[in-house]
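Just so it is clear, A, B, C and D label the chains in written order, and each chain counts residues from 1 on its own.
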Amino acid sequence: MELILTPAEQKFRDEVREFLAANVPEDIKRKTMTGYRLSKEEHVSWQKTLYEKGWIAPSWPVEHGGTDWTPMQKHIFQEECASAGAPPVLAFGVVMVAPVILKFGTQKQKDYYLPRILRSDDWWCQGYSEPGSGSDLASLRTKAVLNGDHYIVNGQKTWTTMAQHANMMFCLTRTDDSGKRQEGITFLLIDMDQPGVTVQPITTIDGSQEINNVFLEDVKVPVENRVGEEGKGWTYAKYLLGHERTSIAAVGRSKAQLARLRDIAKVEQQDGRPLIEDEAFQKKLAEIEIDLLALESLVLRVLSDESAGKGPGPEASFLKIRGTEVQQGITELLVEAIGNYAHPYVPEAMQTGWNEDPIGPEYAASIAPHYFNWRKASIYGGSNEIQKNIIAKAVLGL
Amino acid sequence: MELILTPAEQKFRDEVREFLAANVPEDIKRKTMTGYRLSKEEHVSWQKTLYEKGWIAPSWPVEHGGTDWTPMQKHIFQEECASAGAPPVLAFGVVMVAPVILKFGTQKQKDYYLPRILRSDDWWCQGYSEPGSGSDLASLRTKAVLNGDHYIVNGQKTWTTMAQHANMMFCLTRTDDSGKRQEGITFLLIDMDQPGVTVQPITTIDGSQEINNVFLEDVKVPVENRVGEEGKGWTYAKYLLGHERTSIAAVGRSKAQLARLRDIAKVEQQDGRPLIEDEAFQKKLAEIEIDLLALESLVLRVLSDESAGKGPGPEASFLKIRGTEVQQGITELLVEAIGNYAHPYVPEAMQTGWNEDPIGPEYAASIAPHYFNWRKASIYGGSNEIQKNIIAKAVLGL
Amino acid sequence: MSFAFNDDQKLLAESADRFILDDYAFETRRKIMAMEGGFSREIWSQFAELGWLALPIPEAHGGLGGSTVDTAVLMECLGRGLVVEPYLAAVVLGAGAVAEAGSDAQKNGILPGVAEGTTLLAFAHVEPKARFNLNHVETRAAKDGAGYALTGAKAVVHNAESADTLIVSARTSGSVTDADGVTLFLIDRAAAGVTLRSYPTIDGLRASEVMLDGVKVGADAVLGEVGKAMPAVEAVADRASVLLCAEAAGAMDAAVKLTVEYMKTRVQFGRPIGEFQVLQHRAVEMLGAKEFSRALTYRAAGVVDGANPRERARAVSAAKVEMGRAGRKIGQDGVQLHGGMGMTDDMAVGHYFKRLTMIDVMFGNADHHMRRFARLA
Amino acid sequence: MSFAFNDDQKLLAESADRFILDDYAFETRRKIMAMEGGFSREIWSQFAELGWLALPIPEAHGGLGGSTVDTAVLMECLGRGLVVEPYLAAVVLGAGAVAEAGSDAQKNGILPGVAEGTTLLAFAHVEPKARFNLNHVETRAAKDGAGYALTGAKAVVHNAESADTLIVSARTSGSVTDADGVTLFLIDRAAAGVTLRSYPTIDGLRASEVMLDGVKVGADAVLGEVGKAMPAVEAVADRASVLLCAEAAGAMDAAVKLTVEYMKTRVQFGRPIGEFQVLQHRAVEMLGAKEFSRALTYRAAGVVDGANPRERARAVSAAKVEMGRAGRKIGQDGVQLHGGMGMTDDMAVGHYFKRLTMIDVMFGNADHHMRRFARLA
């Protein structure tokens, strides 16, 4: 089911399509599509390409290097990037910390950090979760004590995605535990290239290492690296959560993965016929494609509410729930599609510069690891159970 | 998947099969299979047939008119009755109140009521639920006040199945509300043929009237109609719940309905082929048949635990949950099978003595009403949510 | 592509919701169902005055020329009120078929009357053995002098008994399931040889089995081109399907609200059952099912008027699948969360459940549209 | 028909559970996986001493002649410990095939060694393009003097690298998916023309792609009747499938217990997450899924030895479907209920999840067996 676009929107889509076709390197495209890991350099080089085009931060205000795109244009851009196999822009800088700095930061912070984010000079990571604070984030205990013109930070962050590449962390710290848990939380920008910061990778069930423990021992953070007021960090964090709710639906990504699934199902044979001709499999494809169409339709509705000035309500939590269900559903069908070749575990095959013959079909290597890895999607960013709690309270008044 | 039977069990099954083939009247069989309503007389006449054979109360002690059948034999008997289209014996007398009388009743009560139950002289109904007490049964408020040699009972029972036919009700009443809610409940046997007892039918969403409100106004109940001690009624009610857990799985009934579904799917045409040849429909049939086989397997395990002297644990709650899921799943597939003829609503067609031509295929008339009526299965006898609470607490210690 | 209502649509929704609230309470509906033909002529003329009957009818023929999205906005409100008046039969299907296939003369002859509420139509296409295959037409129209003689049977024709004119499909050539050779006819319900067997439907509407025994009609009774009716029938069925999804969206909305309200008032174990997390999440899933179904429905409604038949079919089937799944979940869980009360005829939730279940069946259930969607992939 | 364990089975289960508890902790398993061949020879000889390797082997050939139910009891315990030793490959599949198809000479020559733990076997039947179709055999065995020369490729052969002898299926006649014309051969893993490409599997086992390039064998290498191997292959695959379901039952049992334990200790919002009703019900559904799958598995295990091929296939496919669904639910929800911790390699739950997922794939996933079950209806 194609989007119905105005002529102007069609023109825009073609422009984006052309640019991507001309600028996404082949091997990057292949890796992104097959879910292979990209190196830091590969991420950065692609982001610089977008930066030079002026498309690195579509949602930012124009005067800070953003675009004047309509919500629909942003949706088209995301969808085209995904189907072109462009690596997703890492959210931590452009999408997560930047809006907070823009809204609550000092002029000095804006002048210094925003250009660096646009140029990908800094690699940001998110210092939220702690061993004892997962779904219950407000219970965090990492301590920040003001000491003259510095905070001294002690504690442990965990589940920190890509911290191994990061030189900056936006971090929720506790500066006061006398009052309500949500109070006394302070939002700090921490330079990770300093003594006291230790990053220790965590191996996940798929065997990959993209999340980390980050230990903070007597880490010095200048007061000018505090965003907004002391003790107001929770407000800023929630503002951030409310931001860009539609992108978590990952419609474009899922469309691309669904297309990939179709291609694989055309190659895989079952009883002498391509798997895609199997009625039961067709039905599963149709089911998930319809789920995805409904998801996209709700995304479009939320977007047009946005352009009508209405911010996305808590209903947007549905986008996270359905979005992750669709993503996980596709990873599951991919595993089903490759049959016995879900067994081999050859992580090297997913690394840059591996050039042996694949075991089984080339597309198989990343599929099972990806399936297991992607179970995280219903856990992080507020587990789907938490999302439902939010809706029950905020929307249904239960 | 056939049951594997010992030669003795096979012989028993054949004996049961012969008896049923010879004794279940054709029209009764047809009505039972198609879910048409039976008249009181039809129920009673069949139960008398079983009584004369000595098979009306298989689970009772032999000396009271029961059988010495093994659990496996009881399972076979149930399955054969269902597949022969024999009307289920109404549970309220034989299966529900009788075991309580047997265990906690006075000799006088045993001598008087048990033979009458065997002969279907009394039609029993269950006075448990009240408007304010559904899942939370212990909150019941129907008051029984001792007044000399009588209790005076006032209150309202609801959801009382087939009360319109009943002349006796076993009833939970509150004789004391000073202590814990579970205490102060008394188990009374109430003669319904007396002033002060008003039965008011409730129409359910399928348009049928098999449940009722029962209003009790200054109803006199002789003390000798109290079972066991005053205030101990909750214990007796729970004993009753623990009883015959495997029969609620209704394996035999579901097998018979599944067979009926197959027959209908052979007749119904889709794009010029019998519906049963449609792969997607076959898959649904297989899915539910496998659910049912797994259910039966667990029933058999619980039965063999019983014969090994172990009473069924709270795990038996799983039998209720899966059992009702399977039953409801079959009613749903039946609706799907008949296509457009789910629309007509012709309750007369389900009554005795209607002899106009059917609208659409004859088997269609009862299917949609049955689907809607059967939603009750996951609500009554402790809703499936309550069952899960029980398991979480009693089995998992959560 | 915009997903927001325009001002006219907002006004329409407000006035329709207002009407349901003021004049179409649950008990009123019960009384109306008992009336002759199973609906209220008086309310029907109110619909006419409000311009609702004219809404989808072309301006050239006494209508307002509203889009399918406009009509969806109205149908959603009607769904909220479980309205039993024959809007689908007479306006969406009946007038829709005439507008789709009819000659100008036929349109001028029939549509203004529908818009004014003086003419009622019914769409007699589906047959006893057709299941969900639209091409399955056994009814035959044999040449009979200048005209035709129709013989056959039509199944579950909603509101046929109150229709002035039946729009009947019949084979003028080809064999039972051919796409070619089907012709639409305008037939007076009172014509000789037309026999109706009428009955209530389980969701509170009225329908009939229509028997045709050598019914004679003139050549002018032919609606559209002889033997070429199927594209029109499919267009009408697709538009009706997406509008049924809109009606369902309203019904789901109401069922969810009723359920949540009940959860706030029903007390068990000393607290409103709405405080139990399991039931909260169930209600949340119900709301989500409705939101997704509704969004996809309006998207499809926006497509049907313009798109090519394949695009239209994909969009409509996707919406019908999503609606079928959502309606089933909301109907079943709505009753479950009401507990024993939900099983009683006195509570509205069961009636929404029944209507949602039957909407799924109309013009093909979720399974049928899943296959159709997949085939067109 | 009895569903209770007999005394021998109770003893077996106790000793096996005891062994897992004492000698096969999660960390021990990690070390074992790093050993050559991916398992511990020492533990393998303990299995031999305990009589576990002899269990399913016929008494006439150095075994204990245990039934499939007996073996299921053991496999369930091994599943609880996520045991990586090649019990399935060497004993269930390897010895199973020899017992099923071999001559007395072959049985006497091979089975006692398996029972004593001195001989290891692997079953090389599945091929790269076969998916779940057992009949799909492209590997060809051409007449070569008195013997044969085998050429082809076998896929995902578990524990091939440590096997002394490979049991290889090859076509002596017929075309790729014919049931007829398949023959089993005993092939020395070190034979000329046999090349292995070995790798770890995602669930912590070892497997190999086996390339056969004109591998010469004598006529005595033929296992069973020439061209008539498929019935034996199917019997072996069915028995292996139901035993995999038993292994899964153990893995599910452990995963549910771990999850419930975690729920009692993990505190969020000031209380153990086990106090949240939604999570409680999820755990209950996990337990139920396990109970039903286990019950159906033992029922099927009781059938396979006696029943005719159709009954056997129906029983096994039903069990495999139920297991696939239960394993998926328990694996996914087990991780979900563990939250972020569940995603880490340090927690056992993820490893049970991976094993359960791969058991579903082995010898055909739930979907494949659903079709098979339906076809045999």
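FYI, contacts are C-beta pairs under 8 Å (C-beta built on N, C-alpha and C of every residue); 3 or more make two chains touch, one makes a residue touch a chain.
Being a predicted model, the structure only gives us computed values, none of them experimental.
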Candidate from B-D, A-D or B-C with the same interface as A-C, over half of contact pairs in common: B-D
Pair of chains joined by more contacts [C-beta pairs], A-B or A-D: A-D
Gap in Å, rounded to a whole number, between the CA centres of subunit C and subunit B: 38
Cα-centroid distance, subunit A relative to subunit B, in whole angstrom: 53
Interface hub residues of subunit B, defined as touching at least two other chains: 280, 283, 385, 388
Residue list for subunit C, restricted to those that touch at least two other chains: 276-278, 281, 370-371
Touch list for subunit A against partner subunit B, complex: 279-280, 283
Subunit D to subunit A touching residues, read off their complex: 126, 128-133, 155-156, 176-177, 197, 199-203, 207, 209, 267-270, 276, 278-279, 332, 335-336, 339-340, 342-346, 350-351, 353-354, 357-358, 361, 365, 367, 370-371
Subunit C-touching residues of subunit B, taken from the complex the two chains share: 129, 132, 134-136, 139, 158-159, 202-207, 211, 268-272, 275, 280-281, 335-336, 339-346, 359-360, 368-369, 371-372, 375-376, 378-380, 383, 385, 388
Complex interface listing, subunit A residues touching subunit C: 1-6, 9, 72, 282-283, 285-287, 289-291, 293-295, 297-298, 300-301, 303-305, 308, 315, 318, 321-322, 385, 388-389, 391-392, 395-398
Residues on subunit D engaged by subunit B in the complex (per definition of touch): 1-4, 260, 263-264, 274-275, 277, 280-281, 283-285, 287-288, 291-293, 295-296, 298-299, 302-303, 306, 311, 314-315, 318, 321-322, 370-371, 373-374, 377
